[in-house]
Structures are given as C-alpha cells and as structure tokens.
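Notes follow once the structure below has been shown.
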Amino acid sequence: MINVCLFGAGRIGAIHAANVASHPNAQLRYVVDVFADSANKLAAQYGAEVVSVEHALADPEVQAVIIASSTDTHARLIEQSATAGKAIFCEKPIDLDLERTRQCLATIERTGVTCLVGFNRRYDPQFNELKAQLDAGAIGAVEMVTITSRDPSPPPAQYVQSSGGLFRDMMIHDLDMACWLLGEAPVEVFATASCLIDPAIGAAGDVDTALVTLKTASGKLCQISNSRRAAYGYDQRIEVLGAKGMLQANNQLESTLVTTTNQGSTSAKPEYFFLQRYADAYRRELAHFIAVLDGKETLLTTAVDGLNALTLADAAVASVQSGRAVAV
Amino acid sequence: MINVCLFGAGRIGAIHAANVASHPNAQLRYVVDVFADSANKLAAQYGAEVVSVEHALADPEVQAVIIASSTDTHARLIEQSATAGKAIFCEKPIDLDLERTRQCLATIERTGVTCLVGFNRRYDPQFNELKAQLDAGAIGAVEMVTITSRDPSPPPAQYVQSSGGLFRDMMIHDLDMACWLLGEAPVEVFATASCLIDPAIGAAGDVDTALVTLKTASGKLCQISNSRRAAYGYDQRIEVLGAKGMLQANNQLESTLVTTTNQGSTSAKPEYFFLQRYADAYRRELAHFIAVLDGKETLLTTAVDGLNALTLADAAVASVQSGRAVAV
Amino acid sequence: MINVCLFGAGRIGAIHAANVASHPNAQLRYVVDVFADSANKLAAQYGAEVVSVEHALADPEVQAVIIASSTDTHARLIEQSATAGKAIFCEKPIDLDLERTRQCLATIERTGVTCLVGFNRRYDPQFNELKAQLDAGAIGAVEMVTITSRDPSPPPAQYVQSSGGLFRDMMIHDLDMACWLLGEAPVEVFATASCLIDPAIGAAGDVDTALVTLKTASGKLCQISNSRRAAYGYDQRIEVLGAKGMLQANNQLESTLVTTTNQGSTSAKPEYFFLQRYADAYRRELAHFIAVLDGKETLLTTAVDGLNALTLADAAVASVQSGRAVAV
Amino acid sequence: MINVCLFGAGRIGAIHAANVASHPNAQLRYVVDVFADSANKLAAQYGAEVVSVEHALADPEVQAVIIASSTDTHARLIEQSATAGKAIFCEKPIDLDLERTRQCLATIERTGVTCLVGFNRRYDPQFNELKAQLDAGAIGAVEMVTITSRDPSPPPAQYVQSSGGLFRDMMIHDLDMACWLLGEAPVEVFATASCLIDPAIGAAGDVDTALVTLKTASGKLCQISNSRRAAYGYDQRIEVLGAKGMLQANNQLESTLVTTTNQGSTSAKPEYFFLQRYADAYRRELAHFIAVLDGKETLLTTAVDGLNALTLADAAVASVQSGRAVAV
C-alpha cells in the first residue's frame, strides 16, 4: 500500500485524490493546500489529513507525492520532494522557465527518484490504441501527424497571464503527443497565431488561436491546431498518415443517439471538457504511476519529456515573434 | 442499335426515355401514351415519334418495348408485345391479380421473348455490392435479413385505390429483395399493419404502416418494415446478419457535409425519393436489359420473380386479414 | 446509510456489490450464496459478512435486499424478504411461471414493500436520452419501434434448459423496452423463431434466432430481432420512427479509432457484452433503487412491469407454437 | 446553342467534351490536339471536327473555347482565343510563370472576353454546400480553415518536372479554396515540405509531402496538408472552424456498405481519384461557363483567381527555400 501526499486540492487535485482513493494499492495520507477549505474538504472525503509541506515530506511512511498545485510552485516542490526521497507525480509543466526546468531535472537525476510528468493524454485509451496500431505497423511508416486540440471556451484573461501563454500551457500537451507519435524528435518548429476570440487575451499578451508545424530530421511533418474556443465542446482529435493508410482517433461523444428529421441527422456533441474526456486517462495515469513504484511498469512520461515539450513550446513562441522556422 | 418503343410517358417513363437516349446501343423510336401532351413532349426531347400501340408493335425495326404505363395496362401490353415478338421491359407489377399474372407468364413462355420485370433495386450499386459481399462469404451463411423501406410522404388516397395497396404496390419491392438476399424462397409470411399517417388511406381500404416477417424452409428469417412517411426522406436500408458478421447498406445522403455546433453534429438527410436514390439503379437496369438483348448478360429479374413477389404480397394481405402466418 | 443484503454472489451479484460499495448512501452488510467460496470472496472484498437467508432477513438494520441468485430462487426470496419488510431489488425475471409471478405481486402489494425489477436497460444513459427526446416530442407521435438485440455468442445448451428459453430469458428485456417506448401496452404478439446457430440449443427445446412483432390498441407497431450470436459483439440498438422523424440509439464501440487503408475504413466493434455495455446502466439502476428508498425518486421498473414482460414472452412462445398472432 | 472548340483531347479534355455534349445549350464543334488519334476519337464520339487552332479560331460560329491542352500551351492559346474574341474556359494554371500570367490577364482585360479558370473544386456540390452554410452564418465568423488534399498515388517523376512542382500543380487548388473560404486574402504564407514517398520525385527537384500555413490580415488562419500518396484513395476534406461551430465536408465513399465482423466495422474507401470525385464538379463548372455566356450567371473563377493562387504557390516555394513566412 503506497501512501500518497497530494499538493494542491483544486480541480485536478480532486481528480487525483479520487483515483488514489479507488486504487487498491494506494491511499491518500495527506492533503496540502494554501486554501484550507479546499484541503479540508478533500481530506475529509478520503480520510486524509491536512498538513504542511514539511510535515508531509518528513513522514517516512509517505512514499509518493502528487504535485497538482499552481504552476509556480512545481519546481520547488519537486526539489523538496526529491530531496526527501519521495516519488513524484507532477502535473505539467515542471516550470515555465527552461533553465529552472533543467535544474529540476538535475535534482531528479541526482536523487534518483521516480518523477512522472502529467502528460495525461498519453494514457488515454483511444490514443493508446492509436499508438499501438501505429507501432504494430497498421499504416506503415509515419509521414504526417495532424493534431486538433480545441477547448470549449477560453479561460479568463487573468488565468492566461499566469499560465505561460497558449503554447506553454495548452499546446504543450499536443507538442508532447507529436513527439510521441512522430517517433522522432522535431528539429524545426514554425508557429503562427492570432487573437480572434477574446480581445482581453490579446491585451494580456497572449493568443487564442494558433497553428504549429513541426518537422523531424527525416522529414516527417506534423501540424497542430489550437483554439481556445470550440462552440461544440472539447475537440481532441489525432490523425496520422502513413505509407499504407491513415489512423484517426475521433472525439468521444456525449451519447450514441442520432435524431433524424427533415433538418438532417443530428448526433451528440463531443464530451464537454477534459474532466470528462480524459477521466479514463487520469485513472490510468495514476495506475501507471503506482505500477512504476511497484516495479511493474517503466515510466512512460518523464521529466525529460517535460523538458522537450517546453523546449518546443518556447521555439513556437520564438517563431511567432520572428516569423521564421526555429531550429531545436 | 436497338430501337425501343416506350409505353407510358409519365414520371418513370421519362427516366427510361433518358436512359435509352444516353445508352450507346439503344435509341428511342416511339412513345405511346393516352396523354398526348406527355407523349409529344418526351418524343420531341429525344427525337422519337408518337404513335399508337398497334403502329409501334407492327414496326419490325422495333426490337424492344418498355412498359411504364399504368398498372392496369401492363398485362395486355405484355401479351400484345410478346405476340409481336418484342423483348419486354415491364415496370412492376405485371398485374395486381395472380391469375392474370400467370396468364402473362404463359404467353411469355410460349413466345419465348425476353421479359425483364422492373425490380430496380436489384440493380442499385449499393445493394449489388451487398449481394456480392454476401455471395463472397463475407459474413458466412445468412440468418436474418432486415429491410427498412419508407417513403418520404404518403401518396394521395386516390392513388392508393388503384395501386393494389401497400403490400402489392410498395412492399412488393422489398419482398423481391428478401427472396434475392435470403437465397431461398420464403415458405411462411406473417404481416401486421396499421393506418397511422393518413385516415384517408384507411378510408380507401389500405394501410400506411406495416411489418412483415418471412421464414424460409431452412429457418432463415426476414423482417420488413414499411411506412408511407419518413419525415427525413426516402429511407432505404438493408441489413443482413450472417454467421460471421453483418452487412448493412445505409442510406445515401444528400451531401457529405457535417455541421457541428452546441446542438450537436448534423449531417445531411437521405436523398429525397426514388428518382434520386435509384437514378443509378434505373440506368443500370436499362443497360442490363440492352446487354441481355445483345446476348452479353443473363436476365436478372424475370417474370417469375414478379409472380413470386406478388404471391408473397397476396400472402401478406391474407395474413393481415387472418392474423395467422400464411404458408406459401 | 442503507444496509444491503445481497443474495447471489455470481457475475451479476458482483456488479451490484461493487455498485453498493461505491454508493455514498449504501453499504453491503451481508452476502448470501450456496457457493461459500463466491460468497466469502465477495464479502471479503467489500467488508461484508457471509450469513444465511434467515440471519440476514432477521437483522433489523438491513433495509434492503438485492436478489441476484438463480432464477428458481427469486420468488421465494421475494416472499421472504417482503414478509420481513425489506425493500427488494430483484433481477428479472420474478419467476418463469406467470401464476407464481402473480403470487409474488400479491405478496408485494400486501406487504407494501418497494420492489424494483432489474430491467437494467431502462437505466442505460443512451436509452434514457432516447426516451427523453421521445417524451420531449423530438419526433412526434411514435409509430414504429425497432429493437435489435443480439448476444455475442450463444450460452451453453444446459443454461438454455433452466433459463426459460430465449423469449423468457433474453427477449424479456426487449419486450419491456417495447412497452416503455411504445407508451402503450401491446395487445397482439406474433413470433417466429429458428435454431440456426447451435443444434444443441434446438435439442434442448429452445431457439436461438427470433423475430417478434407487437401491435398496440392504437395500431403502433414494434419489431424485435434476437439472435444468440453476433460475431461482432453485443448488438444493442433501438430505433423509433415517429410522425416527425426517427431516433436511433446506436451501439457503443470499443474505441473511437478509425483505420483507413486500401481495404476501407475500419472502426471498432461494439462493446463485447452486457457487463461492459450496461456498466453505467447497472450503476444508475442501483442509484435509483437507493434514491427510491430515500424518498427522492419514484420506482421506475416495478413488479408489474416484470409481470407484463413475462406475459408478452409467454404470448410469443404461444405464437411460435400456433403460427398465429396471440392477443394479450 | 453555343459552339465550342476544345483544345486538348486528353483525360480532362474528354471530360469536358462529354459535358459539352450532354449540355442542352452547347455543342462540340471542333477538337484540336497535336495527337491526331486522341483528337479523332473524341471528335468522332461527339460529332465534332478535327481542325487546326487557326481554323477553329477563324470560325465566327465558335463562341467559346476550352483549353485543356498541356500547361505550356495555355498562355498562347488564351491570347490567341481572346484576340479572336472567343470566351475562354482554361484549365488551371494559366501559366507556371507569374509574369506570363499577368500578360494573359492584360490581354483578357483588353479584349474583354470571358475567361473562366478551371478551379473545379469551387463547383463541387459538397464544397458549395459548405460555402453556402458558411455564408448563411451557420458557424459564425471564420477563424480557421483546414484543407486536407491527398492524391491516391504519386505521378511519375517525369510528370513532376513539367508540372511546376507540388505547390504550383497540386496545392494551387487548395490555395484557391483557402482564399474562397477565408473570405479574405492571405497576407502571409509559410510552407514546409519533404520527399517521403518517391525518391525520384526528390531527384527531380520536387517534394511529395507538404504543409502550408496561411494568415490573413485580420488574423484568420488556414492549414493545408498535401500528400502525393494516400493508400486509401483520393482524400479531399475541408474543415472550417467558426465562432459558433465547425463545418466539415467529408470524403465521398465508393459505397454506403458497412461490413461488421469480429475485426470491426468496415466502410468503403473514398472515391479513387479526381475523375470520380469531381465528376459533378466538372459538369457544374461547364454548366456555369455556359450560363455565364448566356448572361444568366456571373463568373465565379476568374483569371485573377488564377493569378492569386499562383502567387500563393510561388510564396510557398519561396518559404520552403528560406525557412521564413513570406509576405504576399
């Protein structure tokens, strides 16, 4: 039984808490959050205790921590947890700054702790099946990857300011998926972006609509489209063109119902947002983390993956500014 | 070059005229219709001549006739044409009366003329592909056939009176398809029906909604559903369950467009009615007729098929009246 | 907190045990099963105790029982539980015999206990959404209901013998759905059936392939197709034709992945069997039962529904034997 | 009745000849081709005469010409035909050279003749319906256009050499569609490309796989993906994201058949290539040309559209070479 301390009792923290609680080999021991109300509520729900960071990390019975607190706290908590010898499950990103991220990697390497970075989509059953088919040769060699990733509605402009911007906050997931599916590191990034949805996002220095093109050393191509608004829900699709065919992971719909009238045939919208769409992915991600700690599986999303995706996101930002493809 | 005389210049006649005109080995020589206006218009369009039945059948250069006139004229025209030695393409049904139908078959047999009965759906590319897959063993032995056949809107009640009723006029197509797909003659027919759409149809002694169940000697089953109204257009689907899987021929839609909003994803309706849905089938049916006359193909829908389908339709009518399964 | 006693620790019992355990207002107190191993295992997993029927029913802290034991024990357990004043959740059927079923209803009525009959499909989110759309008038008045219900593979012939046969064991679910969706009781049943899949099923006196036609007093029609084998998985579809359109609840697929090659586009199979397909339905059914006991919802699937569905199943059996439509 | 002279009796010429022949207001008068056999065959089929360019243009009864000859003859034939006062239907491109294209535009403007440039996709019923929905406000303001355009198999490398390369030969269609759908001229083009399919194409100095990103002055974005090989057929899809939803024009499939086995559900491939996929578009394009000459419609695809698309294609080539977004 692995005892877990959760840092951050917000929306994502609550998901992880539930998944820990329902996992047969894990239990939630501590919850840490600067907002006492959130921490108390979550702790009460799962029979955990609300404590300080120091208290939690000092407890030798805690083997693992989940870092789901605000982005600016990730790096410090990683370092503290690693130094305390705890296995780490850290929501992406490690940090918004590349240098700071590298420091964390150094600490992780030095202490030898397990550190899973929360690229939850790699654990999604749909995308796993796509990857399995790809690896099994169902469509031959990969030539082109197309990732469509659109949120149902834009975040408040103040969120945007602390988020690192669309490329580091939202597209970073897609950049990680691109690396995973291309099977080869991108060497060139081109990005272009606009503010078409909410002028307040533009005023905050960010964009809400973006296209990125990646190219690998062997010439494989990838296009990613992001939008902060899809009126129809959370649009999460992946398409891979290979020498022998195409694989597509389509959206999960809210139901299988089809209504046909003289206006046509209407089927359901995609599931609304990531909490619904990736519920299974979060569950499997936690299960993978526990399985890694139990020595049964090998870590799939490492801190190095976190570094690589951030590097690409930074390159995308640089490309928008320069109007050039940026080498990475 | 095969010279064709067309009996009947109505809606179906016009389709056949166009298909004859565009066929490289056929040309429209005569049009015969009691409505002079219709006949003249069609004849003018395709460079044909308007004549009497007798004139047309007396012309030795006419090798073939197409009978697309009203149902009550079919039997007599078949007999006259057969006696004159003309190859016959007759719209279904041969006649609404079984005995009269048998007389026609005797004449056809005696004269030895080719007589194609217009079960156009057997020439539809979609259903042909389904049949080809079935024959190729794609789903193993047939166990159950499901035919959904719904018109977009009910005909006027006065049409119903002269049509022979839903079973002989509309379902006869589906009964022929059932025989074709089951690969074995039905030996038992059960039918139930209602008048749910237009009370005038009920007042005229007919039904507008019906279900039929067929069973073959070896126990294969078939269900047919008919409705005179599908608000969304012409609903023409076939599903076959076999030992190894299922084949489905779905509706052809008006376009491939999908519109997705916060109300869901809407795709196009089925094509509106038989003129659109079976345009290819009519073209291929005529081409098959010409190919048979040219000795290149073997007749696919014979007068015997017409007799068989009418026998099943009559059994369905008897079943509705008796509340029993009727043996055939 | 409602304390539950589970009768039957088999496949279905295990589902209910898990759903009780994860429900915030219910807990599993006792497990009763003649197979001690199954009972012990399930009890251990959820912290329950293995006891006798008498012990469980004598405990005043037990408010509710779930009857998931073999069919031949249902009626007696219902009577014992009702007499003990326990609320009852009973898997269908109440009994395979109509008279015995009526006796149970009398006991339930006399004792006034809540008795939910486990027609799980009425709790399925897809079918619920279909029913909600129907009730909201999305397609106008119902005219025709089409239910396709096929198991992935046939049960062993010895199961068939104790099951009551295809109509009472398998189609009973569809007959209940038909009543629910037609919104009006069927007054006429016609059935035809074959043994096409496994001769051993025929030897055991049952069929494996069946079609049923229902008609209500106002003339609404319903067709149900059952097969004990669908090579592609569990085929559970419902289609309703109304005056203004059509509603279809399609199969839930194993994934959203589509693979397109020169052989065409291949999407996933339907989910394999009822444990997967109706996992949500079972969860919601249990939640409904608890909500009824908490006075928050009104019982949706009653013992009367169980009686009605069995009556229709018996009529179907009689129809197969007589070759007639049977009035109910 | 408009008399038409056809320049070029190859694959595309044959399509136009058939469409002219079946058009009620047009007839094929002359066929001109350096390959006498092709010219004779086509002329014979439609009752036309094989003549020289000079003879055809000197005939005052010829009102219109269709230029479907090899690309390097387009500019000269446009100038000769315009000078002779003939209406022109010219397959894209006008010329591979921008300056030469501008000279043609000057001649067209000076002579005032009608000149339709053959961007056939704008006449496709599917894309027309998409555009109509867009213009009707079905999804609000356009934000992002995604065009997927893949050939079933690569052309011979020698074709590539005379074609002007992927951007000017293949993507030029998609660039025109982008302008049409964005409703606003792109001001920035970024392109990246690889040779992944046939090394001979790379050796001939061309690419076979390419991604292009366009941006308009108001910040609307467009991504185009081209591949010379889609193992599954001709992949022609368009997706538009707007403020209120998404429009998608999906592939037309070879049939509506779906085969479901224990391997999943397989539907048909997309129609094989442009002759099938765009048969309707070619027919409607010719009908539009005739309608313009009859004064009933306004020219939809002009020589200016041809110039604009070539300008974008040249910018894409320049972008590949420079690694920069190119302003247009």
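Note that the chains take the letters A, B, C and D in the order they are written out, and that residue 1 is the start of every chain.
By definition in this document, a contact is a pair of C-beta atoms (placed from the backbone, for glycine too) under 8 Å apart; a residue touches a chain by one contact, two chains touch by 3 or more.
Here the structure is a predicted model, which is why all the values come from computation and not from measurement.
**Q** In terms of C-beta pairs in contact, which of A-C and B-C ranks higher?
**A** Counting C-beta pairs in contact for A-C and B-C gives the edge to B-C.
**Q** With centres defined by CA atoms only, which chain is the most remote from chain C?
**A** Checked the centroid distances; the maximum from chain C is D.
**Q** What is the distance, in whole Å, between the centres of chain B and chain C, each centre taken as the mean of its C-alpha atoms?
**A** About 41 Å separates the centre of chain B from that of chain C.
**Q** Measure off the straight-line distance from the CA centroid of chain C to the CA centroid of chain D, and report it in whole Å.
**A** The answer is 58 Å.
**Q** Name the residues of chain B that each touch 2 or more other chains.
**A** If we look for residues of chain B contacting two or more partner chains, we find 139, 231-232, 244-246, 260-262.
**Q** Using the touch rule from the top, collect the residues of chain A that touch chain B in their complex.
**A** Interface residues on the chain A side: 231-233, 253, 260-269.
**Q** What residues of chain D sit close enough to touch chain A in their complex?
**A** Counting only chain D, the residues touching chain A are 139-141, 143-144, 146, 148, 150, 188, 190, 192-197, 209-211, 213, 215, 219-221, 223, 225, 227, 229-232, 235, 241-246, 323-325.
**Q** Going by the contact rule set out above, which residues of chain D touch chain B in the complex?
**A** It comes out as residues 22, 125-126, 129-130, 133, 138-139, 244-252, 255-262.
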